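You will see two complexes here that share subunit A, one where it goes with subunit B and one where it goes with subunit C.
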Partner chain A sequence: MSMSDHGPSPKRRNPVLPPRRPTLPPVARTRHALGLSAAAAIGEFALQECRECGAVQYPPREACRSCLSDMLTWRPDNGAGTLLASTVVRRPYELYFREHAPWPTGLVRLDCGVSVVAFLHRACPEAEGRVRVRAYLDRAGRAVLVALPEQEVPDMSEDPLLKAFGNAPKGRNVLVTDGRSDLGQAMALAALKAGAETVWVGVSDPWKAPPGFKALEETPGITVLSLDVTEGQSVETLAGQIGGKVDILINTAEFHRTHSALSRRGVETARAEMDVNYFGLLRLGQAFGPAMCSRAAEKPKNAVAWVNVLSVFALANYPQQGTFSASKAAALSLAQCLRAEFRSSGLRVLNVFPGPVDEDWNQLELPPKLAPAKLASAIVRALEDGIEDLYPDPIARDWHERWRADPKVLEMELTA
Partner chain B sequence: MNAPADSTLAGLVADLACGRVEVVDLTHTLSPDFPQIVLPPEFGQCAPFRIEEISRYDERGASWYWNNFSCGEHTGTHFDAPIHWVSGRNLPNNTTDTVPVENFVGPVCVIDCVAETEADDDFLLTVDFVKRWEAEHGTIPPRAWVLMRTDWSKRGDPAAFQNYDEVGQHSPGPDPDCVRFLVDERDITGFGTETIGTDAGQAAHLKPPYPAHFYLHAANRYGLQCLRNLDQLPATGAVLICPPLKIRKGSGSPLRVLALVPRPEVTDA
Partner chain C sequence: MSRRLGYDGVVLASPVTIPYERFSTRGAHWFLGRAMRALVETSGLDKAAIDGLCATSFSLAPDTAIGVTEHLGLSPRWLDYVPLGGASGMIALRRAARAVQTGDAEIVACVAADTNQTDSFRRSTAAFSQFAQDAVYPYGSGGPNASFALLTDHYMRTFGARPEDFGKVCVAQRRNSLDFPHALFRSELTLEQYLNSPLIADPIRLYDCVMPCAGAEAFLVMREETARTQGLPHVYLLGAIERHNAFADDPIQERGGWAADRDDLFAQAGIGPGEIDFLQAYDDYPVIIFLQLEDLGFCGKGEARAFVQDNDLTNAGSFPVNTSGGQLSVGQAGAAGGYLGLVEAIRQLSGQAVGGVVPDARYGLVSGFGMINYDRGLSTGAAVLAA
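Moving on to the complex of A and B:
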């Protein structure tokens, strides 16, 4: 199962030494400062801008530094700037930073006119060199700024900073909860391609012999295991087998039908959607969550991320798929709860909000539809980048924009 | 034969006690692992058996263990009432709560189709086959249960039990004429199988589709499926006991199916 072409495995943990307990960077931020983290959660670097005088400022404040207006907004910034000075912080006070010292740190003058303190990628130039600043989420899920070299360099992602802020599958054990769907199969292959050491794939009702599944079973590096998220004992049994080894859980289990509230008599189909999409997540969370949290700081290999494949219909109901939307909204709500409960361990929850995926139940949706393989590779990239919410396709991003602008207007458009 | 009822039952009790009458369990264990019938995905689906703990001597209930379970009426070893099929929808006493209870106890004939099923997963039981069986074991008596023994229940692997390929399920069952013969000419009470349904896996393509369901229930007769241990029954002479749950207006129900089997070789202890 080992992917030897990705280099030697790290040295194993000495089992007689005490376990590493999770420590976190400081989590508290003001409400205004959280705007920076919210942008970083979707992979953006944003700065506060005054809508009255146009001034840009950092760090975030409650009022404009220039004109004292409170009409502040967040606007994306490309992060381009010049490194003014650098140092290495070797003895920080906070436990998390102390454990992971040293921290190369610098002062960057952004082209938009503000100066920021940022951690420095190892490949950054000396002072006066050009850099680009990006916002990442730290283990507490709060934004930190990192200055990267202006151009990509080889093994860019091997930098200890990016490894600490990312949740890359490389060298890790990945569980894909349902390998019957096109997405589940593409996800398993994408994790393998990204260098996962082990890829476990769950399958329920194996007699249905879904297309492509046999080929997946025979792929070296992939192990198929019995898992039915609608069945508590099945979930607990698998957690008993591999729960202490899963570093990344990717929940692809989904029940998808295309009914509105009135187009399908009775509740049985809607109940099945809830049973997989909502209760399935709850069962997985209870069975796998605690063990993953307990291993979130383990070395050399730790549990890093929990991925929920939701739907952009979780944000606002798409009446043509009304009961499916409702089940995904329930799952989103629960995922937020899991995020809160995982927070203290540093285990990241990545919520994925695809628009219509190109699969059989979306046959009657007009293009564009997101190819399962593209969705899978977007999820891998989102893990590597350490983001928290992924809108992987143009439709999803459009919905997200409209939802952010005014959820009520979006609802009115969808229910017209 | 004409002994008063009290001595008949006393004799039965004595025979049960000494093993001259054996009770055989024809039921699969209700568990999430046992496969359920699966229709094409556009249809409504029968729920599989599921079980969730209420408490287990813990903070949810300190001194007691119990579960909530859920399933469809047609999950596991189960009974089909006539209202299950459209052909039996308007008959009297056609639901699990109204079927006359005397129908739940009766003589049982077991037709051995093991060799034929081993040779052909899609084996269909025919009138000729039944008549050859009768030539050996005697005519099926009126109001008997007829069970089709295939040893299909010995397929412990769900994939082998379901036996799907790209055109669906392959499993044995009766052909249309055979069901009509059993109902019209032999007046059976019901028909039972070891497979997931009373009909063959490919019975959607018979005329009429699903003939066992269609003809049995049209005549207010019953079905049993997912039976096991039929290899422990004699061809004739056993008694079947199969009361379903008394679900109001139920179309069927999981149930415990038992057979009383004479063991004449056992002598008094």
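Moving on to the complex of A and C:
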């Protein structure tokens, strides 16, 4: 297969029909209610709890409805409850909901003693059956609650609600920006395994034939294309070829060295890290972002998600990999900007914060290290669940927990 | 709890309706102005003699009642603003009555008005309350239809009410509206049409929903002597209650605050439910009428279905309900919907009915319900009026 062959052409929309403009569910939430969305962004369902009297409450408030304390916090909930009543909203007021009506909704009494309005998975039992409530991010990136049947059912994820909130690769066209690394190759295979219709894999300098490249090229369903994220022209050229068909972009391009600020004189390595990790993302964003946004409501296939493989070192500098950490922090900041700019279209950004991945440049890192294939399948799951931030391994989760508790304390721990 | 003072000597007069329109290019201030003008004209009072104002509106922003005083050139010595939806009429009445009793005001105008412009209902639903914005509207934006659908679904499951039970109420109210000149719906509705109407948010059907519109309702509160001096037909306030956020620990609403206060209401009025000649119930949506029948003591919990089937709810019937047709047939002029039944009750009991007449009506009960802040209506009120 030649590098200029773009693989099988995906189904096109009928060009006679006007393009579908994206519409969104309502994005407005009060500040104190955003805690629910922040938890949903990492795949958790959390409820507001009073630190003084322990009362749990919903909807979120600025004072405890029991003891009037303002010491309120968020605590995870298992979502177990009883469906009290159900309805089907057939005539919504908002355009987004109208376009996707009907919407089964209900009122669930959680075992912790609060009643929540929730969407209903179609396999939910009738009232007063048992359900479990989970929080998902909707197309606006805000949390909504969904009542699921208590036990898994076949084709659970085929429910229209979960499909609408998720960004599953199934049936979609996926671009993995760098297939030279173990992660890039594992990512392409994982997307294919998850049912992606087309998987494009970018490779710079294909003549170098990196390990595994040949096997990748020969895998049916995977098409290798030339892409160098440090070359604006290369990025623009590929965007011109496939930019109007990419439904999910997974940016695996990464330049990784293990230097502190003082362990190497000069800025060449740091500049190379920035060129791939930060400017590469910016080039991709500018070349692919607008076209993907414009296709976010397209049928039969729409652009749904943009994935950035960052690093948990983006949260706080890891001095042993000091300049790499800095480049990932820059990329994180840019990814937040992209998320904000994509928001109005419904195109979702998934930021991935792995701890040390089991690859050559992390040779001196102590285990546990994250296997590339495990990271790839975690990314697929995160896409399917529609979450926004993924901490895929124990080290990442440990850092994240410390960072959430107090970023200054984490910095002090890292520089001890 | 201390005993409530009665409302001796307080009367209501000058029932006023500014005809409803489906949509209007006018603002709420226009409707308020028309209503004030109508109060002045029907009462024969000088505008300056009205020294108390209670305003109710959802579409007045950024103004509140104070903006209305300057807009309409009023200089009241008592002012209140009661934007409490379907409970507004009851609460405005109670406050105005106390103001008149204490002498804080001589004559209080209670005025409710809302405009309705294309898309204004969606906008007000989206931002109705903080809880609605955070925890209801993002779930399909079904608005009150969806919220009441859940309460109706639960009520039907729990007490065995059927669509035809709700339909009977809607059909009877439509019968009542055929004679009411201000009703937006003035063609007959059959039970078959009701049952065949499309589902909006199951089990809520099209004819369970009120139609948002623009309009105004108003009345005056004063002492009996004042009304006599002016020669104004009037009705007496025998008792009145209000309650907010009652039974907050109920997992889902199946009773309203009336249940907590109805004994007080009837004790104050000195009569019982059996002596009531008609009920003006808040009727957005029919299930709420069922709650009122039960919680106000006309029947036991869960028995409203039998009560509705055992009675003729039309104006000539055994238990007239919503004698003008209610919001279901007249339309819902925003928060003025919370005044509709009250203004109609004043008409019925003071010989000023403009539509169908309940023969020999002596006592009327008016009830209000409003403010689905999250998953239930928070405000309830009721008043007993006498001819």
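Note that in this section the second predicted complex is superposed on the first by the 403 of 416 C-alpha atoms of A that agree within 3 Å, B and C clash if a C-alpha of one lies under 4 Å from a C-alpha of the other, contacts with A are read in each partner's own complex, and residues count from 1 in each chain.
Here is the rule we use: contacts are C-beta pairs under 8 Å (C-beta built on N, C-alpha and C of every residue); 3 or more make two chains touch, one makes a residue touch a chain.
Not measured: the values here are computed from a predicted model.
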item: Touch count on subunit A, higher of subunit B and subunit C; value: C
item: Subunit B versus subunit C as contact partner of A:T87, first or second or both or neither; value: second
item: A:S69 touches, of subunit B and subunit C: first, second, both or neither?; value: neither
item: Contacts of A:Q241 with subunit B and subunit C, given as first, second, both or neither; value: neither
item: Partner chain(s) touched by A:E268 [first = subunit B, second = subunit C, both, neither]; value: first
item: First, second, both or neither for A:F119, with subunit B first and subunit C second; value: second
item: Which superposed partner A:A209 touches (first subunit B, second subunit C, both, neither); value: first
item: Of subunit B, residues touching subunit A in the complex; value: 32, 35, 38, 41, 44-45, 47-48, 50-53, 158-159, 161-165
item: Subunit C-facing residues of subunit A, complex; value: 25-26, 28-30, 33, 58-60, 84-94, 97, 101, 103, 105-107, 109, 115-119, 127-128, 138, 142, 144-145
item: Interfacial residue positions of subunit A with respect to subunit B in the complex; value: 205-209, 228, 230-234, 257, 266, 268-269, 272
item: In the complex with subunit A, residue positions of subunit C that touch it; value: 121-122, 125-127, 130-131, 133-143, 145-146, 149-151, 153-154, 157, 198-204, 251-252, 374-375
